[in-house]
Every structure is written in C-alpha cells, then in structure tokens.
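Next come two complexes built around chain A: one with chain B, the other with chain C.
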Partner chain A sequence: MIWQLDLVLLLLVVFCAVATITVKDLLSATIIFSAYSFLMCLLWAEMGAVDVAFTEATVGAGVSTIFFISAIFRTTRRSKD
Partner chain B sequence: MRISLQEARDRIPQRDTILETTVRLMVPFIQLYGLYVIVHGHYSPGGGFQGGVVLGASVILFALAFGLPASKRYLSESTDIILANTGALIYTGIATLCALLGGMFLDYSALAKILPIDPISWHSHGIFLVEVGVGMGVTTIMVSIYWDMASAGRLDEGL
Partner chain C sequence: MESILDHVIAKYNYWIYVVLMMIGFYAMIGKRNLVKKLLGMNIFQTAIILFFISTGAKKGGSIPILDKYAALQGQVDVNQVVNPLPHVLMLTAIVVGVSVTGVALAVMQRIYRKYGTLEEDEILHKIENE
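For the complex of A and B:
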C-alpha cells in the first residue's frame, strides 16, 4: 500500500464517477465509465485483490463498454436540447 | 446462412485497412492469452470466467472490425449455442457426478472412485475441469449477447 498512489487513484475514481453521472452525452458517459472501471481495477490490484482486479478489467472496462455502446446505437434522442 | 468472406466484407460500408490488419494481428494473441488464463486458473489469478470473457472479447473485436456476418463464418450460431450448453453441462455434470459418487455437490475428492489418484490432487483437477466448462459457457454467451445487442436480435448486421 502506497498512500500517495491510493490518494491519486481515489481522487480520479471520484472525479470519473461524478463526471459519468453529470455528462449529458450517453457515449461520453460510457467512455468515462470505462475509465472509471479501469481505475477501480488499478485500485483493486493495488490493494492486492488481483482476481477481482482481473474481473474488473475484463468485464468492467472491456466487455460492458462494448455492450453499452451497442445499446446506445439502438437508442434515439427524443428531445433536442 | 453461410456466406463467403468476400461477400461478408462487402456488406461493411466503410473498410479500414489499418483497423483490419491490427485486429488480424491482435486476435490470435488475445485468444492465446485467454486460453492461458483459463488453463492456469486453478492456481493463479484468473479462471474460467475471466479467461472466457477475454476469449469472447477477441471474437467481439473481430466482429467489430470485420462486421457481424464475417464473425459468424468462424463461430456459427449453432456452434455458439452448442458450446454454451456444453459448458454449462460440464459444470453441472461434474458437480452432480460428485454428488452421485457419494460426496457432496462439487466435492471433487469423490471423483477418486472413477480415476484412482490422490483425493487431494483431485481438488486441483476438478477445479480445472469446471473452469474449462465455465470458460466455454462464458465465451459463447458473451459473443451471443454482443450479436443480439448489436443487431437488435436480427443477427444480420453489426454496428
């Protein structure tokens, strides 16, 4: 455990989490969420939970992003704001 | 419906040589890594689920670059469903076999009655067999979810 690295990662995780729910565009939210997952993966690996980090990297940052994007491609924007 | 690779490629509106060459080079290594993760899952980080997701992601990457019909040439729909069900059958079959042989559900040491090796090493080998089943199931289900979501269930064209 290196607390400086922990602090930087946690700050970035909080920043990405807030950005994901505040950003307007769905595609941008998905990409930021992918970055959030990758930072969480780094955090898990840093805490020694390598198996959880591996799952987070493959499922969270990898496949779920593609699923989100493929779902977004099938949606339409109703209002023009 | 089986179509030629040329026909599958012609259905993609824009083709990109850099993208296709990169994916063509990356996919074998990603698949090798996925197999490594599955096979070494019982004594190192990773396992059937993670390796299966990596293997599925390689097919999804191929489908993203070459289009959904091209990926169905290499992993057809029926093969996908058969592999998914075989994976689930391997997992539950081994677990039930342990129960039938006098142990508990997923109690691998009971398998020593079939192949007489040390019950302690059966714990390791049993987990390995179950991981292979999980890997097969997860790989094919991930590809199947992508196919269904990318083509809205029609399975004719991708993103």
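For the complex of A and C:
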C-alpha cells in the first residue's frame, strides 16, 4: 500500500462523490458515479483485495451504470436538485 | 494536543470514509429526486465496504494468493499477506447492493408511470390531491 497513491485516490473519490450528488442532470450524475465506482475499484486493487476489485469493476462500474442509464432513458433526465 | 493530531493524520483514510458516508447520507435525506437518493445509497454502501476492506489491509502485505505446497508445509508468513476474510464478506455485500439497486429502479419506473415525475415533493402533492 503506497500512501501517496492511496491519498490521491481517496481525494478523487470524495470529489467524484460530491460531483455525483450536486450535478443537476441525472445522466451526467450516473456517468460520474461510474467514474466513482472505477476509482473505488482501483483503491481496492491497491489495498490487495483483487477479488473485490474486479467484482466492483464489472458489477459496480458496468452493470449498475447500465441499469441507471436504461431507467433514466425510460423515465426522465430532469432533476430539480 | 500533538498526539491527537498525530492520531488524526495516522488514520486519515478512516476520516475520508466517514466523509464519504456523510455525503451519501446527506444525498439520501436532503435530495428530493429519487434517483439522487439511490445514488446516495450506493455511495453510502461503497464507503462502508471500503472501511471493511481497509481493516484487512496490512503494511507491505501482498495479495492473498498462496503457493499450495508452501502453505501445506507452514512456510507462509502471515504478516506478508492481507487478511482475506473481509474481502469475502464484502463480495456478498456488493452483489446484494446491485440487486437492491435493480429493484429500486424498477419501483421508480412504476412510480414514474403512475405519477409522471420522480421528485418526492411533487409525488406527495399528487398523492394528497387524489
């Protein structure tokens, strides 16, 4: 575990989380959340949890993003907050 | 005072997990859009998983894939391998989280078909006027 890399990834993760809940467009929020999941996956690979990392890369950054995008496509992109 | 600051800096990753958890909690309570609430729930969940994974991490530890013969002869140094027990527990939590997300999105599509909106206050307003 390299602590400089750890700190940079953690700060990027916090930045992505704040961006996810502040962006008004739901599709943009979903794409930023996908980037958040991928950064989380990098963080776990860096901590030595490779099994959790590749599960998160397929399931968190891949499948759940597709779920969100298809649900937004069938409902609405508009968000008031 | 010096020692408290040292403790804060030494456990900096735990503080960042708490910040992430609070961001997710705020999104679940403060935001009115249902998709935003769901994204906040996902952030909350990954923050907790991150905390559990970090409890198994060790300084200078390698990934928990061992040579079978070395393990059978007891030549593996446990301090050189990260603890794989939290990994296994959190693997289940990730899969459960994705299925919860899928069910929540299905319910949201149903709500949108009935009320025509995903904003919580507008939905409550329409329910009261029925």
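Methods note: the second predicted complex is superposed on the first by the 76 of 81 C-alpha atoms of A that agree within 3 Å, B and C clash if a C-alpha of one lies under 4 Å from a C-alpha of the other, contacts with A are read in each partner's own complex, and residues count from 1 in each chain.
We adopt the following convention: a residue touches a chain if its C-beta (ideal position, glycine included) is under 8 Å from a C-beta of that chain, and two chains touch if they have at least 3 such contacts.
The model shown is predicted, which means the values in this text are computed figures rather than measured ones.
Room for both chain B and chain C is found when the two structures are superposed via chain A, with no clash between them.
In the superposed model, more residues of chain A are touched by C than by the other of chain B and chain C.
Applying the stated contact rule after C-alpha superposition, one finds that A:37 touches chain C and leaves chain B untouched. In the superposed model, A:18 lies in contact with chain C only, and not with chain B. Of the two partner chains, chain B is the only one that A:73 touches; chain C does not reach it.
By the touch criterion defined above, A:59 lies against chain B and chain C together after alignment on the C-alpha atoms of chain A.
Contact with neither chain B nor chain C is seen for A:5 once the two complexes are overlaid on the shared chain. For the pair chain B and chain C, the model built by superposing on chain A gives 7 Å as the shortest CA-CA distance. Shared contact residues of chain A, touching chain B in one structure and chain C in the other: 50-51, 55, 59, 63, 67, 71, 74.
By the touch criterion given at the top, residues 12-13, 16, 19-20, 23-24, 26-27, 31-33, 35-36, 39-40, 42-43, 46, 49-50, 53-54, 56-64, 82, 86-88, 90-91, 94-95, 98, 101-102, 105, 108-109, 112, 117-119 of chain C touch chain A in their complex.
By the touch criterion stated above, chain B contacts chain A in their complex at residues 37, 45-47, 49-50, 53-54, 56-57, 60, 64, 142, 145-146, 149-150, 152, 159.
Of all residues in chain A, only 1, 6-7, 10-11, 13-14, 17-18, 20-21, 26, 29-30, 33, 36-37, 40, 43-44, 47-52, 55-56, 59-60, 63-64, 67-68, 71-72, 74-76, 79-81 touch chain C in the complex they form. Residue ranges on chain A touching chain B, taken from their complex, read 50-51, 53-55, 58-59, 62-63, 66-67, 69-71, 73-74.
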